[in-house]
Every structure is written in structure tokens, then in C-alpha cells.
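The following pair of complexes shares a single chain, chain A, combined with chain B in the former and chain C in the latter.
Moving on, here comes the complex of A and B:
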């Protein structure tokens, strides 16, 4: 938490952003091999030490196996990274192609045709992009607010029906959103929420709540109450306690939950479609019909724009987390 | 800490946490404010106020959950033929019987189950291997960021496009095979679109859920590796043995919970199955939505009966989830690990 740590983290984040911008599929693969060499070096050095008998073996006694496991892990990671990034790069290439006739392995001509076509055909897509981000941010704020308070109730208080509430919080995880969306549509019509942006936001919040709540319950449990009690003993008012103790302690979890909720919201198609009707058009609802269509360049442009927006917000969250000195983001089920 | 910088006004014993009642000492609520707002006649006793706090805290989440539970119950009721907006008020099992006896529908249920089971198994196994591999390499934050968290942002329907660019009849793979002289026409390539075996759907979900499973297990696995892995190594276990006897049992509940979430998601989600699925058999959610949006609004009851079946199957998942949760708490392995964790910090 000291300033030196802060500076280093900031540097690392900057390096990460630069590498994201540069990273194409091959670039990532190269990074990977570079990392292998870099980490391979100390391992060899350690082996020499072992021969001299200066240090005990760190893991197990059969070092031959040890190296094989390591090699297998490296190979698996490389294959995995290729599988993850190759298709995404391919989509990027598709979005930039003009003509890519059938048997050619490489596209014939690159152009910005699809981009101009999508972005200049009315302000439709840009406004959809804006609406998507707005909904995403609203959803993450609301969900995190509800989840943080609910987590406090579930962890720090003993009350009647606590287990029922706990059960209800997990429920949207395990009962599909299609069921929820079809069932709630009638009620939303009656409340006047159907076909409105606020209706979509509420529905997205419901879908994102269990993710946020699971993270927040974990974080609240880990934080405990002793810091808050100290603050109160020292005479802090409840507002000061929340401002100077509770919030900083919970912040990493809050940001993780917020970014997860954002991702869930902007990637949602079915709930947006059903609650938003035709009125609320997000990137997802515009993109969907094009995904399985023949013009892959147009679909590619939609996907590239979508991923760019997602990545931007994701990196912003990462940057804030890094600045706070948080090394690890909270994962979902404990840890 | 920054708390020290703040200047607090010490307010006698009023600021101290109340230790008298309750099993665990909790922070005193903002009771003073509540009291001043209410008129004298409506003032609640301190005990009532204390009891009210958790419910107030839970209130925003409760509103959201109310919508969810209402949607679920409403759906189930409509499946039983109670749909006031259609003018139907009689309880009937017709729609469920119709859903379960029609051969097309029962095949849909089996198809969805098949997709969900295979996708979950594949994702769970590969996800565990991935997080073990990343832990083994001691990979840094950047690898985790781009290998695990970034793929999670890619929406499912985007993955469908990824798959199509590679596996469709004019995709990259077909072009490679043409180059090698194995096929001559795009139509020679078995397309991923609408394949009756649904391998495209399964592959899509595996692509997307492997990072999810890894995301859920990687932190735990890293901690276990740090703490118990070395102990096991000192006692003479090799790493495979350590993995199966120490790491995996300790990660078990996280893995099970993540897999159940994946299962329920795959079983009940619409997008991927709608884009890549065959016309027959349709996945259960696709079929339900198909019935739902038919012009004849009376078909909604049948759609809801299908949803009811989805809920019934998901309830099994819920029960397994809660058994896992219960076991986890009873064994207390995690609380132990966690308290160790907080002490270290």
C-alpha cells in the first residue's frame, strides 16, 4: 500500500495496456515463449544448486517428472492461448476484409468497407453502443449496491429467514434466465417497465445479482468486523466508519463485482430482447441476426466494436484495482 | 491506514458497540438517525430497530429477488393453466402432459441434457487442467488477466462467430483442407451450423466456460499450492499425487459449485442453441421461446410448461449445490483456510 508499491503497480498496468494494444495472436504466442525462457532460467539455476546439495528439493523427490509436468503445463497453456486468441484475431481480419473468396487462405483485399457501412448507415449503431454502455454501468452500480448491503446482512447479522434469503440470492445462478424472462414479461407489462430501458436495467440486475452477491459475501466474510469495531471504539461515527474503514476494505471486491456485472449486462441477449421488446436496441440485439449470416465482415465489425467497448471498461477497472494495490481479483467461489 | 487521519469526535459510550445482545457483536446501526426522523408516537424500541436492520440492508436485493421469484412462480402457474391475462383460471395438468408425451418435446429435453452434461464435463476438466497449469507455471497477473478474465468477457454469441469463421463450410479449416487436397467443394465440409450432434454448441460452451471454471478455481488452487502443496512435497509426494490427494479435494466444492452454475447456464440458455442448433431436435429453451412467441398467445401455457420442466431439472442442481454448501460448512475446511488467510494479512 506504500507509494513505491503503487508506482510499480502503475507501471505494470501501463505495460499491460500497451501489450494489449500490440497483442495479436502471434504476438501473444511469442510473449508466451519469451515467458517460458524467462522462467526456465531460474529453474535450471535451481537444479545446479540442488546438485551441490545446498537446498532441499522444493516439490517432490522425482525431479525428472517435475520437469515433464512443467513442460506439459507450458504446452497446454500455449495451445489454450492459441485457441482463445486465434479466432478473435480471425474475426478482426474478417472485419477488415473486402473480398475473401472461398479457397484462398489469405484475404484478397483489405478495406474499411464494413466499418464505414456499419458506422455511417444512420446513427443507429453508435447510439446502440452508447445505450449498451449506459445500461451496463447502471446495472453494475445498482447490482453492487444491492449486493454489498445484502452481503452485510447475510454475513454480519443473525436474523429470521437468513438461510431463505441466502438461498434466494443464489437462485438466479441456477435457474436459467430464459425462464425468468418469459415469466416476468407479463408483470413488466403491467408495471409499465416492458419495452423501456429501466425495465431492461432491472432485469439485468436480477441476472447479475448472484454473481455480485457471491463475491461480496466472500469479501465481507474475509474482512470481518474487527477493523470496524476498532473504528467505533475509537469514536468514529457510523458514516466515518463506512467512509474510512468499510469502503476501503471492501473496495477490491466491489470493483470485481462491478466489472463482472457489467460484463454480464452487456453480453446479455435474451433478457434484453424479451424485456426491451424492439424498443431497446443494444449492441447484442443488433448484432445477433448478423452472427450466423453470410456477410461475415459486417458481423466482424459488430463483434470488434463490442469487444473494444468491453475491453475498455475492463481495463479501466483493472487500472483502478492496480492503483489500489490489489494484486488478485476476487474470484467467484472462495479464494 | 487512512482511518487514522480522520478526526473522530468521541461520543461517550454511545459510540461503543453494544455487546449485550446477539450471538456476535455487530456494529451498531444508524439508529440515532432513524429515531430522529420518526415522530415520537412511532418511535421503535432499540431492540426492534436492531432487529429491523438486516431486513433493511437486504431490501434492495429483495426487490430484485422478488422479481425473479415472481417470474419463476408466475411461469410455473401459467404452465398449470392459471393465466389471468388469458382469462384462464383452472388448474390443469394438460400442458405438462402434452409437453411430456409429445415425442418432439421429450427429445428436446434429452438433447438439452446431453448438451449440458457434455459441455459441463469438458469445461470442468479443461478448466481444472488450465488452472493447475497456470498455477504450476506460477504465471503472473498478466497471464491470468488475458488468459482467464479476458475470455470471460467475450459474450457467448460472439464465440459462435469465432466458431463459424473456423468451422463453417467456407471457414478457415475448410480452406486448409482444400489446400491439402482433401476436399474440393465447400459443401464437402460438414458444417458446424445445424449439426444434429450439436458439437458446435458444446464446443462454444467449452470455449467460453473453461475460463470461467479456471476463474473460480485458480485463486484457491494457488493458495493451496502455497500452503499445503509444499507440506505434501516435504512429506514426499510427487506433484501428480499432491494434485489428486491434496489440491483436488480442497478445491472440490468450488469446482462442483462452478460446474453446477455452468450446467444450469448451458441447460437453460437460448443464444448459442438458437444460432447453431439443428432444426430438429431443438434445445429446450429454444423450443420454449418458439412456443412463447407464436402468434397464438394461448401457446404460452405450453411454453411455460416447458419452462416448468427446466425449473424442475434445475431444482435438482440447486439441491446438489446446497448439499455441497452444507458439506463445506460442516467440514469447516474453508473457514479454517480462510481464517488462516485473514490472520496472515
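Moving on, here comes the complex of A and C:
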């Protein structure tokens, strides 16, 4: 996720790197170019200037940086491939497997058996998928709303016990989820929220809130109140200030917090099971027994479908933001 | 529009930031609030803008009481030192922000924004991103944004201190030009005394939350009423000595004082221009060191443990004596017993 500040930082770093390159090897004329770069011109333009300014760049120095970047990206690719991509491919293969006895390296027979079984066995899976996504979206909206307001209170207002509240927002990190879910269950039984979808949504919010609050506190702190003050003196009412200045500035953080809350919600098994009590069946609660049992193909189908839907949700999210002009085009999850 | 600031006091936490601040900004005037950092200048500006609420006192803008008007309805504009352009909008949208808040339609406000951008010498910059333009250009955009909606009062909070020296002069001229062209009452906060002298019709000097002097630029320079005001222009030596029968004395240094201050301990601000090296000069002191400054040399001469600085035309050797005469008009003496703040 990127923000204007990050962009400016990147530009400054670029300018510094370029000016170092120039200053170490070039004459006075080149240093002048470097100085102009350091005044904050866009990075692309700086590179052009650099090429125009110096016919023979000192490749040794520049190559040194490039080599390190390349080495870092190779390491990243290897780690990514072994830890994320390979397991995903394996799951996809499992979902298409009919027979894969141990110790064969490759499955004996491939078929769509598991897919047919999952999708024709009634509306159970699809309804669970729909419920999972609904709960996820509700959780991310509620959590971000609460986290944004909490962060505002914790960062911008001075009140007695502020530090206690600040600590309280990250408290659920410290308590094991099992302990804390049982506490919630007891409370929800009394409130009549146990075994209901709304109960599950609230419980998920409690799980996701510390993460979202941590992100929002940092973003709110970084944003400060300067732009809001500027908007106020330019004639913006509180509503307009929030709409045109505060929310757009906080948006990168809001998006991170929302995505994270959504992922925490859809991936949660224990709290869903305990609070939902079997009445609320999400993909995780349906899938789990299959993972434990022998039929990995079925579990594979669940995982693949679940992944596809999650990706679709995020893609839709990005498209909506692109439409709103919040994100630049072609910057999926990057900006 | 004229601004009347009446007896403003403000305490933040347990610290009294402003004490009984009063001054008047006449219609179409350029007023500077001058003072060292922490003197309460920016706080005064924030009170006027409505970002801080005073504990007591009143603000009147063009006869209208501002005290209970929220900041967004005061129709003022502020340019802050740190520019504060909205990163989520392009240049034109930034400039048109106040017009948008007033409910002006898109085409109309963007046309107006481009008009104002031409006024600050940035034609055709409307569609650029604010991150893509240089610091000086950003400051111009901030200025354009401030004047786009015809504010009743323009407030500038150290608007040039983030800029390079070369850009600063250009910006000062641009601000003055816009101030005159639009005939807009302007209040500028600055700690740069020469900047205040150059730009203002009228200067208010603040020290520790109080107004020390409220005067024309010439009067502030020629007749400073306190040690801080006299010293704020720099290029001076501060000496602690004694007044004896109308003469300020410190070792071999003596200077007649203009007004009848009582005998006793006193401090004198001696501007560099006050001392003229002269073979027939009445004062002779040893040179401690001499530094090259381009058109002249600055010689530091010893006065016991204190130092006096003199401009000379040639390099003087260490420990060689220098003779000079003193011009009492450029020496400002303040009695310590009379002025408790100077202690």
C-alpha cells in the first residue's frame, strides 16, 4: 500500500542515490545536475537528466546496486516459490486427484470427482461460501470503522487513561485465542448472541480489531492534523473535511486494515465454531473435517474454490477503488 | 478588511502563551508579527484563524465579531510554513478547494484555479500532481490556493523559511505583488527581521507572549524600545556595562546615551555600523581575531570578557590595537533595573 508520503520518500531516496553516484565520480558540472535532482524532481526525470548529463556513467558503482537488488529479488522469488506457490500447486493437484497412493511421486489418476462431489451435493458448500464472504465483509467494515475512530481518539485526543486504552486495544494479541473465545462464548450465551451469525461477526471483529487498530494508529499518527487544519481554514465543515481530506489521507491504512480484517475473518475456524456452535457454517468449519479425514481431494476443492472467491472479492474491491479514482490504474495491491 | 485584535490571552496546559495581545491591522495593510521562536506569533495566528480558542479577548474582522465563528466560516486563508498541499488532489483541485467548499461548480472553479495559477506564475500546472513539483512551486500553489476564494484576510505563517535563499526573494516579491494587486489585508508571521522590514507597512514585535513594540518598520529599526527588538536585526554586539551620568561605560568603551536613563547596570546593543575605525578615534582596543566577509572584515575586539565587533576595510593582526569612534545613533542602551524582561 502506498501513500503520497511514501512516494515522496522514494523520490528523495532515489535523488540521494543518484546524487551520490554523480558526486563521487563526476566533475563540477555533474554535481550541478545532482543538486538539481535533489530539489525533488520526479525520479523518472532525474534518470533522464542523469543520462543527458553524463555520457559515461560509472558503471561499477551503479552495477553494485543492481547486483544487490537482483540477488535480493532472486532470494525473494525462491522463498515465495517454495513457501507459497508450491503448496498452492500441490493443493490444486490434490483437488484433481482421484487416486494418489503413498509413496508415488505423482498421482495415479486425475479426475474431476471431488469437484463434482462438492458442487452437486446440494447447496451446502455454496451457501457456506456466501456466508463466509458476507461475514468477512461485515467484519472488515465494522472493524475498520471502530479502529479508525479508536485510533483518532488515541492519537489526537488527550484524556485520562489514554495509555491504558491504547494498551487495551492490543490486549487480544496477548491472550491466547482459545482462552479468549471461551470468555466471549460465556458472555454471548448470556446476551443471546451465541449460535448466531451476528455473534460470529462480533467475535471476529474482536479478533481482528487489534490488528486493524495497530495499523490505523500508525497511519493516523503519520497523517497528523496539519492537513485537517488547512482544510478547516479553507472553509471545510467537519463533514467535508472528513470526506475530502481525512479519509483520502487515511485510505491506504484503511484498505490495509480492511483487507487484513477480511482475511482474519474468513480464515478463522476456532472462534467461528465456538460462537457459531454448528449453526453458522462457514467454509472453514465445513472444510476442517475433510482436512483431518482421508479425503484430501475434497479438502483441496474447498481450498481452491475458497481461494478463487477470495481473489475475486479483492479484485472487485480494487476495481471499485479504481473506478472511484482512489487507486491508479494497473496497480493491483500496489499503488 | 481591517482586523482588530483586542486583549487576547491564552493558556495552554499550564503555560501562558499569550498575554493581553492587542493590535490593529488596517484595511489593505501588510502587517508582520515579528519575534523569536516561542514568542507566541504562530499561536496568535492560529487564534485569528480559529484553530485555537482564546481564553479572553476579542477578534473583530471588518467590524464583525469573530469570537464564536468556527474556523471554516471565517473566510480567511492561511499559508503555513510546511505548505500542506492535499496529496490526494492535483494542483488545480488544491487551488480550487476553498471554492469547492463554497459550492462552486467544477468547470467554473477549475477555470478560476487556472486563472489564479497564472497570477502566481504557474500557468499550465493545473493537472500536475503536487508531489511532482518543486518546493518553490509547491509554495506558489499554496499561495494560489489561499487567494483563490478572495479571503477577507490572508495569514502567512513563516511562508518563506522552508525555501532556498534565492527562491525566497522571488517569493517575497510575488507575495507583495499579489498583496497590492488584490488589495488584500495580509498578516505575516516571521522571525526574520529584515524580511519584516522589507515587506511590511507595519510591524508588531512579540516577546514571551506580549507585544513589545507596535510600529512602522523605520521606527522599529531606528528606535527599538527593547533589547530584543534592538538585537533582532542581528549584526550587533550585546554589551553589559554601567550607565554613569548619561554615558554607557564598559572598560575603555564609552558611548553617550540619547535619553536620560538612570545610573546603574545597563545593556547596550552596538550595531556593527555604529563603530568606525579611525586613527583619531577616541577608543582603542586590542583585536582578538579578524574574519573575512567579502566586502569587509569583521574584527572582534576584547572588552574584558566581552567582545565587540567592528567592520574594517583591511585584515587586522591578532593583538594589534585598533582605534575607532562610535556613532551614538546606532547604539541602543537599556537600563536593567527599568526593564525586568532584559535581565
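FYI, the second predicted complex is superposed on the first by the 232 of 335 C-alpha atoms of A that agree within 3 Å, B and C clash if a C-alpha of one lies under 4 Å from a C-alpha of the other, contacts with A are read in each partner's own complex, and residues count from 1 in each chain.
As a working rule, a contact is a pair of C-beta atoms (placed from the backbone, for glycine too) under 8 Å apart; a residue touches a chain by one contact, two chains touch by 3 or more.
Since we're looking at a predicted model, the values are computed, not measured.
Enquirer: Applying the document's definition of touch, where does A:240 land relative to chain B and chain C: first, second, both, or neither?
Expert: Both partners.
Enquirer: Of the two partners chain B and chain C, which one touches more residues belonging to chain A?
Expert: With both complexes superposed on chain A, more residues of chain A are touched by B.
Enquirer: Of the two partner chains, chain B (first) and chain C (second), which one does A:165 touch, if any: first, second, both, or neither?
Expert: In the superposition, A:165 contacts chain B only.
Enquirer: Figure out whether A:323 sits in contact with chain B (first) or chain C (second), or with both, or with neither.
Expert: Once the two structures are laid over each other on A, A:323 reaches no partner at all.
Enquirer: Would you sort A:71 into first (chain B), second (chain C), both or neither based on which partner it touches?
Expert: Neither: A:71 stays clear of chain B and chain C.
Enquirer: Return first, second, both or neither, reflecting whether A:109 touches chain B, chain C, both chains, or no partner chain.
Expert: Neither chain B nor chain C is touched by A:109.
Enquirer: Which of the two partners, first being chain B and second being chain C, lies in contact with A:213: first, second, both, or neither?
Expert: first
Enquirer: Which chain A residues come up in both lists, the one for chain B and the one for chain C?
Expert: Correct list for chain A: 39, 227, 229, 231-237, 240-241, 244-245, 248.
Enquirer: Can you name the residues of chain C that touch chain A in the complex?
Expert: Touch residues, chain C against chain A: 49-51, 71-78, 80, 82, 84, 86-88, 97-98, 100-102, 130-132, 134-135, 145, 149, 155.
Enquirer: Please output the residues of chain A touching chain C within their complex, sorted ascending.
Expert: 3-5, 7-8, 11, 39-42, 226-227, 229-237, 240-241, 244-245, 248-249, 251
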